[in-house]
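Quick one: structure below, then a few questions.
As written, the chains take the letters A, B, C and D, and residue 1 is the first residue of each chain.
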Amino acid sequence: MTRTLTPHDVDAVPEPTRLATGERGGLPGVRSAADAPPSPDELRDDQVDGLELSARLAKTWGTDKGLIGALSTVDHKIIGRRYIVTAIIFLFLGGLSAVAMRLQLAQPENELIGPDLYNQLFTMHGTTMMFLFGVPIGEAFAVYLVPLMVGTRNIAFPRLNAFSYYVYLFGGAMIWVAFMLNIGPDVGWFAYVPLSGPEFSPGKRADFWAQMITFTEVAGIAVAISVIVTVFKLRAPGMTLDRIPLFVWAELVNSFVIVFALPAVVTASAMLILDRLVGTHFFNPAEGGDALLYQHLFWFFGHPEVYIIFLPATGWVSAIVVTFARRQAFGYIALVLSLIATGFLSFGLWVHHMFTAGLPQLGASFFTASSMLIAIPNGIQIFCWIATLWDGRPIFRTPLLFIIGFFFIFVAGGLSGIMLASVPLDSQVHDTFFVVAHFHYVLIGGNVFPLLAAVYYWFPKFTGRMMSERIGIWHFGLAFIGFNVAFFPMHITGLMGMPRRVYTYLPEMGWGNLNLISTIGAVIFFASFVLFLYNLASSARRGPMAGPNPWDAGTLEWAAASPPLPQNFDRIPVVTNREPLWANRDSLPVVTGLSVDNREQIVSTITHGRADLRESTPEPSIWPFIAAVATAILFIGSMFTPWAVVWGSLPLAVALIGWFWPKMSTEDER
Amino acid sequence: MKHLPLILLSAILLSACEREDREYRSNPVTAETEEKIALVPLSAGPSGPTEHRSGLGKEYEENAYHIAQGKKFYVWFNCNGCHANGGGGSGPPLMDDRWFYGGQIENIVQTIREGRPNGMPSFRGKIPDDQIWQIAAYVRSMGRNVPKAAAPGRNDDMHSGPAEQRRPPGEVIDGGQVPPAAQMPQ
Amino acid sequence: MRRISSILLLLCLPLAGCQGWQSALDVHGPAASSLARMFWIFVAVLATVWVLTMAALLLSLRRRRAADADPLVTDPGTERRMTITISAAIGLTLVIVVSLTGLSYAAQKVLFAHKDGTLTLLITGHQWWWQVTYEDPQPNRVFTTANEIHIPVGEPVLIKLESSDVIHSFWIPNLTGKMDAITGRQNQIQIQADRPGIYRGQCAEFCGLQHAHMGLLVVAESKEDFERWRNHQISSAIPPSDAEHQRGMEIFLSKPCIMCHQIRGTDAGGKTAPDLTHVGSRRYIAAGTLETTRGNIAAWIVDPHGIKPGVDMPTIQLEPNEVQPLASYLEGLK
Amino acid sequence: MTAGSSHPRPSETPLSHRIVLNARHMPSYSYGHRSPIWWGTLSFAAAEGMGFVMVVGAYFYLVFINGNWPLSAPPPDLLWSSLFTVLMLASIWPNQMAKRDGEREDLSRSRRDLVIMSLIGLALLGIRVLELGTLHVRWDQNAYGSILWLLLGLHTLHLATDLGDTIVLTVLMFTRHGHGKRFSDVGDNAFYWYFVVASWPPIYVIIYWFPRWW
């Protein structure tokens, strides 16, 4: 065998000129403070080494103790951990509401749950899974892992990142508290007007839904921008575009999709809440509005949303397949290009959610074609992963098992999606349990199974301990069986004419047995999650210790300690290969010269990843938390009076000024 | 101090859920609510007529669902035939603060149920009691005499002025009094 | 084992899906049958794709690499072979996708092509029942009914769909796919039944509390039966034939019923609830929820919210001895 | 170590370091696309621009749904809005100066430019208030009024946000923080102002001229 690799040779570290730009900070002819030589009093990491370096950096980058310290932290790992835990709590809440619904549907004319509660339950289930779990979980992993994987010490805009977490938390808490108070939204997770409009949804229920959208979208866009800039500007020297880990590529494309898709749903929910609260007529046909406008806006976001949920999962799959196949990814370029293609195509499919709305036929068939076309980039990804496994030496640990489960389920879901892309077929199965089955195959197969794999895979990095393999196998078995038993029969129930979102059905419809099977499956599936919870809890305390790199993986996060120290890396690594740890098994090439006493990071160039600046990144601050509280007050207040937008913006402005007001840092003292 | 959040939460709980509760099946099927409301403020003797209000009215006029139902029935039962959208026509306006027969919800229920001179028919036996309460709650919302958070928004209909929730909170001259402007000169 | 079980489940699909009162695969109309045929073509093609992909996946799990191989080292020959295989697979995917799109488009053109028919219905979705108006050039032959439509066999029937409140979706799976009834718009769909029968449909777009109980029946019958039915529906309600019915009618007319319901030929003229002129001739009441029997009618009148919580039909004050005549009268409105 | 059994070389200790580059003398900040903040601003502008695109899309959707436009209202007056447009376009010049003087790290000129920009922003906000009085339609009158107010409100929101940002930065430049990296912030603030300016002409044409042509 011969070594055929990336553009550059593996072993040789490129010349420093190829790793750094060497350009001045100020413009030509300007004596800029940017180019002032660093203060000689400031300790730099070429002056200390070893444990002392680690300890000093940990102090510089650490988070203060106590509540204020915890709320002020800007450490991407702490925020990321909170994000992940919160999203998984919402996953469990969504799961519980699903089990409640399944119990109600277990037999015809069951009287366990009435229509009002049932409608709130399925709305909460969908809303939670899509907005409070699906979108945030991908971003949460990005917040934790992307800075580690690109070899930097913190995410770009760490305060914005902290702010986004609190906004997300408040939004999620708000809607669940509303649900507990019997003010939960009851209009479905896409809240079609006029049902969700002022006339047919009295009270505050739909307002809570619409404001929850605003909360999560503000949070989502903020994180997406942090991730984009982290990937663009904070990559370790030498990490050219073609050496970016596939996971990071997936999160990057995902962030772009978020930035361009989320404004559509914010527009839709803003129009909805304006209709409801100040009497605008966007969706009132009697005054020139149109109910379908809402559907267009919502699905212009709603379909990319599916890919916002799926794209990070492709990143997890790529990372895990490569590690456990013991082979670098086959078709790296093809994988990256299909990610980008998926991102673009996802904006051209939205009408296939509206095939039964009576739109012009020719337009509809255009969307059939584009919807089916997305099978191509997804097919390329699937085939490349299979090829990687084919030429590898698969090691069957729990993460890989879940990935295999992902293949089985996701491919089936993707194929049934092709049926839904066809206008005529969709006219039969649209809004039935067939669709319910389809999107659970796609979403659980395409997101939850990879997520579980990812948790098993990165748990040692997050906590320093391994998860139990024995329980993991049981977890996988139960989850796989439970899932299929729960959701496969739904294809048939749907074809037998059962519409979705019905709280009960007549005995003579003949759907009873299939529904009972689904319910049994749902209970098994939920049991597997209880097992998962137990595994998490017991492994976090008693699991065997994991070293920095328990799986012998190749990407940079495994060069950091498990769990990583606040500074991530004692020195910023220099990247010479797509899988740096596989290419540098004896010693890691690094950059020195960064401050030990101040939070300095390397800023690099976008394409070639050449080190350009050593910029300082923000210190911890309580202001993002205060700003998030002010934002929550503004958003919640505006559901009750439009004037909250005015008076609520004052505390927000104060918080933002506090946030951006420079502190007395050494930089300012000079 | 430790229990403060809990107390706060239960306080919110108590205040919020009533407003959003959806009680479909009205109380005892046959019951007509036991309100004793004077039809007119006149009575023999020095004191006014005794009244008894059960407090049921609050349940209706602070509940968004009931008011919304009332809004629907207001149209279905053709109230707007005489009262228009509250501005009045052949019947008196309902969105101002002038009430010939009292502007509390109990008075309005009484008016709908018993009818009034000069054209207001009695709907006893024509409209079930709980729907009368719902309509009365809606009538109360026309002059914004209900909590803002429970008042209805605009309808998917032609625009006929700001929706009930966007009107300024109104004041009602209490039970069965004739406003000064409508009194006979002494 | 798991694979076998899921394949077994897949095999169950045809068995289970083909029967059923409201099944999309139990076809009784030309549209539904071509849809079902297309569905099976898709299933066959896509299931094959799935099986092939899974076979490739399972084969790929064999360990081909030496235990101590460097994960960065790849063999150019293998790379080339895998590239060719994947390109072929992608090419095949493209072919499949293009042909399925073509098939879909062709079917769409045929299915949704306008066919000439004589009968036009206006169906209005309400929360939570269907109002049906049979249109006719002669105004005196226009009539309104609810939740049950009759159509002549073998004839395309044009249905105009409107909504009086929120979005509903009209769907008779045995006959054809669904179409939404959207506030402020009018959509059209054609249905046609090939043989006589009773087909059930149900609202398919979530429309609020009682979305689950918003069914309707399509009764397909011979042209003669249909005309007989139509002429009967046009006529006013049959007057009460005996004392009990007479008393039932009196109760009906003295109660809140008349505020919303209409019985043509009596003083009851409400327009906001289903027309009851021939309610006894309909197979179901409460929008496909209860079979029309005297007992069910009584149950529905006495406690509508026990059957459809949240429905606009109120609970009314009735004396115990009023229920029987009322139910009996309504049942008699054939 | 459970993972050890099936894995070739799990590592338990951190790798040793091999120094290949020294960053000690790299600049501590820079301007334009070399600075992360610039990319952050660009991304926000992209997201918000998408918001504008959505609302504009909704505007034309409603136009085509209705056929007649602007429904039953007369088109809005041109006076204040045109004045607003002229001032907005004129602000490009001082804005460009602020950017240039910031890049030159010239404190006194930057201060002057920022004060000018703050005043222009305030004037624009004032004109906007007057402009709102000449629309001849309320947001709750019909769908045309609704979308018109939404579009204008969205732009006003951006105007107000950037004005607040400019004022804070101006104050900052008059404190002891007015040096070093702040100059880069001046450039980024100017960059965001370009976005606010650039988003206006299309909206102006759509709101004020399109109804006259339709």
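Methods note: a residue touches a chain if its C-beta (ideal position, glycine included) is under 8 Å from a C-beta of that chain, and two chains touch if they have at least 3 such contacts.
Quantities reported herein were computed from a predicted structural model and do not represent experimental measurements.
Here B-D and A-C are compared, and the pair linked by more C-beta contacts is A-C. Ranked by how close its mean Cα position lies to the mean of all protein Cα atoms, the top chain is A. If each chain is reduced to the centroid of its CA atoms, subunit C and subunit D end up 50 Å from each other. Averaged C-alpha coordinates put the centre of subunit B at 49 Å from the centre of subunit D. Centre to centre, using the average C-alpha position, subunit A and subunit C are separated by 38 Å.
With centres set at the average Cα position, the gap from subunit B to subunit C is 40 Å.
Under the contact definition stated at the top, the residues of subunit C that touch 2 or more other chains are 67, 183-184, 309-310. The set of subunit D residues touching two or more other chains comprises 8, 140-142. Multi-chain contact residues, meaning those touching two or more other chains, occur in subunit A at positions 116, 194, 199, 275, 278-279, 281, 284-287, 290, 326. If you sketch which chains touch which, the pattern fits none of the simple shapes: not an open path, not a single ring, not a star, and not all-to-all.
Inter-chain contacts occur between A-B, A-C, A-D, B-C, B-D. If you check the complex, the residues on subunit B that touch subunit C are 22, 24-26, 29-30, 32, 69, 72, 76-77, 125-131, 156.
If you check the complex, the residues on subunit A that touch subunit D are 13, 16, 19-20, 23-27, 30-38, 44, 46, 49, 156-157, 160, 221, 224-226, 228-229, 232-234, 237, 259-260, 262-264, 266-267, 270-271, 274-275, 278-282, 284, 287-290, 293, 296-297, 300, 326, 395, 397, 466, 469, 544-552, 558-559, 561, 570-572, 574, 581, 584-594, 602-603, 605-606, 611-616, 653, 656-657, 660-662, 667-668, 670. Remark: subunit D residues 1-3, 6-31, 33-36, 39-40, 43-44, 46-48, 50-51, 53-55, 58, 61-62, 65-66, 71, 103-105, 139-147, 149-150, 164, 168, 172, 176-177, 179-183 touch subunit A in the complex. For subunit A in complex with subunit C, the touching residues are 1-5, 10, 114-116, 119, 187-188, 192, 194-195, 199-200, 285-286, 290-292, 322, 326-328, 330-331, 334, 356-358, 361, 364-365, 368-369, 372-373, 375-376, 379-380, 382-384, 386-387, 389-394, 396, 404, 407-408, 411-412, 415-416, 418-419, 421-432, 480-481, 484, 488-489, 491-492, 495-506, 508-510, 514, 554, 577, 579, 582-583.
Residues of subunit C that touch subunit A in their complex: 2-3, 5-6, 9, 12-13, 16-17, 19-25, 32, 35, 38-39, 42-43, 46-47, 49-50, 53-54, 56-57, 59-61, 63-67, 69-76, 78-79, 82-83, 85-86, 89-90, 93-94, 97, 100-101, 103-105, 107-109, 111-112, 127, 161, 165-167, 169, 171, 173, 176-180, 182-185, 187-188, 200, 202-213, 215, 288-289, 309-310.
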